[in-house]
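After this come two complexes, each holding subunit A, first together with subunit B and then together with subunit C.
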Partner chain A sequence: MTRFYLFLLNEFKLARTAIPIHMVAILQPSILFLFLSFILVHPTFKVNVSQPLMDEGHVLVEAMEQVGSPIGADYIDPIIVDSKELGDLRQIITVKERDGVPTAVQQYGLIDSNQVKNLRNRLTAAALHLWNAELKGRALSIKEHTWLPYDAPYTVYFGMALLPMAAFVAAAIIGGVLTAQDFELKTTLEYRLSPVSPVLILGARLVRLVLSSLLSACMLLVVAGLVTGFWPGNIWRLGGVLLTIAIMASCMGIILGLLFRSTIPAYISGLSLALAGWIFGGGFALASGFGGVYERISRLTPNAHAVELCFPAFYRVEIGNPLRSALVLIVFSVISLSLLFFTYRWRVTKQAY
Partner chain B sequence: MRRFWILLFTEFKAWCRDPITTFGGFIPPTVLLVAFGLLFSGELAFPIAVVNHDSGSSGAVLVETFDEVLSPFNQPYYRVLDLTEPKAWEAFRTQRIDAVWVIPSDFSDRLAAGQHPNIEMHFSNYIDDRAKNHRLYAAEILWRFYEKVGQPAPPLEMAEEYPFPEMVDWFSVIGVGLVLLGVTLGGMFNVFALTYKEQVARITLEFGLSPRSLWGILLPKMVLALVMGLLTGTAIMGILYLWAGIWPGRFLWAVYLLSSLVALFWISIALVFGLQARHYMAAAIVAILTGVIVFFVGGGFSPVRYYSKEVLWFARLFPNTYAIDPLRDLILFHVWPNNWLQTLLIVTGFAVLGVGAGLAVSERRLRRLD
Partner chain C sequence: MAEDGSTGLLSYRSVNVSERKNSMESVINVKSATRRFGTLVAVNGLSFEVKRGELFGLLGPNGAGKTTTINLITGMLRKDAGEIWVLGRDPKTDARAVRECIGLVPQETNVYADLSALDNMWHHAALYCKDLSGVKERIKELLVLVNLWERRREPVRTYSGGMKRRLALARALLHDPEIILFDEPTTGVDVQGKHVLWDHIKEQQAQGKTFVVSTNDMAEADVLCDRLVIIDHGTAIALDTPENLKAALGRDIVTMRTTPIVEDAEALFAGLGIQAVKRPESGQLRFEVTNAETLVGELVSRVTASHHLESIRIARPSLDDVFLHHTGRALRE
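Moving on to the complex of A and B:
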């Protein structure tokens, strides 16, 4: 056991040989989250309205203020501007008479269909308020039955789906680079000549990588919690899920290092693997919602299963098939461990110099 | 000139030994492209089911309306799936559809009698933006439905005016930003890769001892990095073409020209850092972070012209800010930018300044022989 602790201590000391890698691997997901949380779509839009000269214009602005979620954010933040022309504005609504009919004319800047859709939808919703008010009993009302009792901000899902990626990227990159360094610095020769069992050497590295991986995920969890105000309910379940991802990623990282035997390709391939798993593993919305080829691909990644298992911890709602997802993660972990020992034997124990 | 070609060929041979290193410039823009593509492109229509219990005909009219209302993407807002009621609820429960609309049996009667007709909308709201879309799309559907069933005219009509006859999607707007990011990062990574190899092999020492000007030695490196940067950008453009059908066509040379001038500025900075940094990874990480920050600040995500003044003064410190909107005019709308000559002059100024300063500082660094 003492020997194992010494190996483990050495593994942690190795961090000094790759400080930038450790910083990137551990901090990158949190930085990515912070960056994207500022630019991710938000339901409230600033909408420029030219200073109304007609009553209909004033009523429209009042209706705009009512457009929103009954259990969430407002959708329109009307900004009254003095200008009647678009000028440098992104968009402007002017209420004026056209052929004797009061009309809200919306002028757009660059023709971006997503912006046009968002702005058009909001104007329609506000104008429908006015129409409904005039129709009275003939107006059609919609009774909303939402899945959750509140509209959850997108950043909550985004942060949650980033957790498996955070756990994966840290272990995969650090594992890949440290293992490749073993070849570059000829440490593998010492390993090969040593009478110590590979289980001890790999075990120490795996434990150290798993801890680094969980540290990265914890940092993201704290950053996301502070930004969104949403904290997971069942921390043990979350920890269990991330642990399997950390084991898988640690194995993958070491395998990449063993295969490439050079730090830069090991780093790049580890990063690519982590990013691919995130993008195709339901990083932006539940994989089941996409359906088709995307969903089939996502089922091959551990991320999609991890996201489905993490979901109840944040939303208090069970989704998918938790038992199947848990089983898949365990099987993936066992396969990764087996592959790791096989590759280690092939590249280190049996390889001649 | 012969010396230049020999050096360029030597640099290329060094590049060929480890081409995977330069993928660092390709991966970040590609990842962002795929991520934004999944977020902002693809099928817009929400898959839903409609359970129509209406004993009259108005419920069927409402169902027809879903297909008739088109968004600016030229697609319906909703794709109504033909599912039985139990299957509809099962699909909703397993998140395979986004919503179930239920039309009650007395819908037509209440509508005709003016007795507050209503429908139920069951929808997913684990992402607030999607919940917002459900509520707003429903307004579009109801507006058209009112027109179809002959409700009295609305008190306020709506009209739209556009500056261009054609519309592009947001993904394409971002995509052009990513092409520029690809050229920039591609160039920077190649410089890092080439200088790193020379530092490791101590060739930089030989450079420093050279009796001739080092500009002739460093220029081939910059040219190769620029070519590789343009190849990276072209690869991103290729993906964008396959994904969104965007290609600059006869304006390709102008896109290359503008992107090259921007990239030269960043390649020069990368050259200086590449010769200073002892660790490839540290330099690569700084490059990625700088590139991504400049992408966001320099109009990569939305047109610079709509930036607030607080951001604009900072954005104007980078050549990307001046080049991005003209690049969008060239790639997305196939028109010459109004301020083409002015843009070209500004960006050329950045490039000349960057290359001059980069070469001078790099030469000084190499002559120190440490």
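Moving on to the complex of A and C:
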């Protein structure tokens, strides 16, 4: 036990050899969440509307202000501007008379199909308000029902889906860099000649990486909770899921370091693996929500299963097949551990080559 | 000081030097070892044995196969042919046991530069020491021994090259191995640092450790080694004590520079018994002759009769001369 404690202590001391890497790896998911939740996944669009010269223009602005999400968040925030002040590339809505009919003309700079789709959906909702006002008794009413017990801002999902990535990226990057560094400093030779079992040596590195990984995920959990006001219900389940991801990521990180034996490729590949897992593994929406090929690809990543298992902790409802997802994560972890010991033996302790 | 006269936990076996030197017990046996890397034969039928308590040298130019030989002894490399025994064990099949009784100081100092000497020593202790009790005191004793105790908490990156090598030596001694393999002990170390390191090695040898030192530094080999094997292209070309190797040449080395160069030295110095004529540099003539100091007048008068003598040097053979004698080129080439 003393020997294991010494290895573990050394693993933590090695943080001194790559302080910026540790900071990036551990803080990155929280910073990414803050950045993207404020800029990219904010529920409200600010829309430039030309100073209305017609009554219909004022009515459109009022209708836009009434469009909101089921939980009351504003969807459109019309900004009244003088169209002459805007450059050619800016997006603006102007109400003009065309062939004697008041027409809302929307002009775009660079056409971003996703943004156009989003604006179109929301403007359609605004148009519905106007239409219903005209239809009076024959007004069309749309009721939104979520299949979840309660609705939550998209940032909650976004933060939740980032958790497995946070657990993955810290261990993958730090593990890769520390292991590659051992080759660069030639300290691998110390391990190669040591009569001590690799289980102790790798065990200490794994424990240290798993702790770094869980620290990164905890930080994200706190940041996301403070931003969204939503806190997970079943923290033990969440912890169990993140633990399996952390084990997998720690193994993958060390394996990448063993394979590349150079810090920069190990860092880049660890980061790429984490990002790919996040994007394809339900980072922006549940894999089951897409179906088809995308879902099949998604289910190859541990993230997709982790997100499905984390889901009830935030939304209080089970989705998918939790037992299958748990089994997949356990199998992935066991495979990762086996691969790690195989690669370590191949690259480090192989006695004679 | 302890009652038995030892200095505490560092209870090295105090071996009488003459007893050690007389001991015929081999701790390392290399018999016709061969190792190839593709078409390159790095070690070619190399044979030698190292006796207990001996300071044995592997001398040769870069690429001669010294580091490969060390790696074969540690079991890090597999031999293609021959036999290697370390304390009666095969490093390939009994790697764990062999590694417990050897300490390796590699050519490039492999320490965690951002950690302190203490941190590096503790890490090594976890990797190599069978019994961790008393390690704290042992680390202190070794760091004091190599004059690093005062700077034990400073990051190793702030150390000089010599200090790093001393730390590497202290680390290799930590688990009290019987054999220390020291690859290029003083590469990149200044002259003063070299002497300090040599003193430490000698001190440890006096305590009963067996050292195998690989070097391409003739002075180092001359000062340090009890016996040495000169290796070239993976083959042993001479094996004996430095004194015997030099004495075996039996002749003095004469080096002269003339204008114009002496074209036919054998004819010019006929009857004087010169041998092994070489031209190591342009304008330089080098040959071996018995009792050069008695012939110096004759040598000078013959050469000045037809040439302008710029310089003449008569020297006892060095290990470089031994290498040159056997290979036809200088060790530095």
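Throughout what follows, the second predicted complex is superposed on the first by the 245 of 353 C-alpha atoms of A that agree within 3 Å, B and C clash if a C-alpha of one lies under 4 Å from a C-alpha of the other, contacts with A are read in each partner's own complex, and residues count from 1 in each chain.
Keep this in mind: a residue touches a chain if its C-beta (ideal position, glycine included) is under 8 Å from a C-beta of that chain, and two chains touch if they have at least 3 such contacts.
Bear in mind the structure is a predicted one, so any value in this text is a computation, not a measurement.
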Which partner reaches more residues of subunit A, subunit B or subunit C? B
When the two structures are overlaid on chain A, which partner does A:Ile142 contact: first (subunit B), second (subunit C), both, or neither? first
Is A:Val196 contacted by the first partner subunit B, the second partner subunit C, both or neither? second
Examine A:Thr187 and indicate which partner it touches, taking first as subunit B and second as subunit C; both and neither are also allowed. second
Identify the partner contact of A:Lys117: answer first if only subunit B is touched, second if only subunit C is, both if each is, neither if none is. first
First (subunit B), second (subunit C), both or neither touched by A:Phe341: neither
Classify the contacts of A:Phe230 with the two partner chains as first (subunit B alone), second (subunit C alone), both, or neither. neither
Contact set on subunit C toward subunit A in their complex: 74-78, 91-92, 95-96, 99-100, 102, 104, 106, 108, 110-115, 119, 122-128, 132, 155
Give every residue of subunit A touching subunit C within the complex, in rising order. 2-3, 6-7, 9-10, 13-14, 16-17, 185-187, 189-196, 201, 351-353
What residues of subunit B sit close enough to touch subunit A in their complex? 18, 20-21, 23-24, 27, 31, 34-35, 38-40, 44, 47, 71-73, 94-96, 98, 111, 114-133, 135-140, 142-143, 145-146, 151-152, 154-164, 166-171, 173, 279-282, 285, 289, 292, 296, 301, 303, 305-306, 328
Spell out the part of subunit A that touches subunit B in their complex, as residue ranges. 18, 20-21, 23-24, 31, 35, 39, 41-43, 56, 59-60, 67, 69, 71-73, 75, 86, 88-90, 95, 98, 101-117, 120-125, 127-128, 130-131, 134-148, 150-154, 157, 177, 262-265, 267-268, 271-272, 275, 279, 283-286, 288-289, 291, 315, 317, 319-320
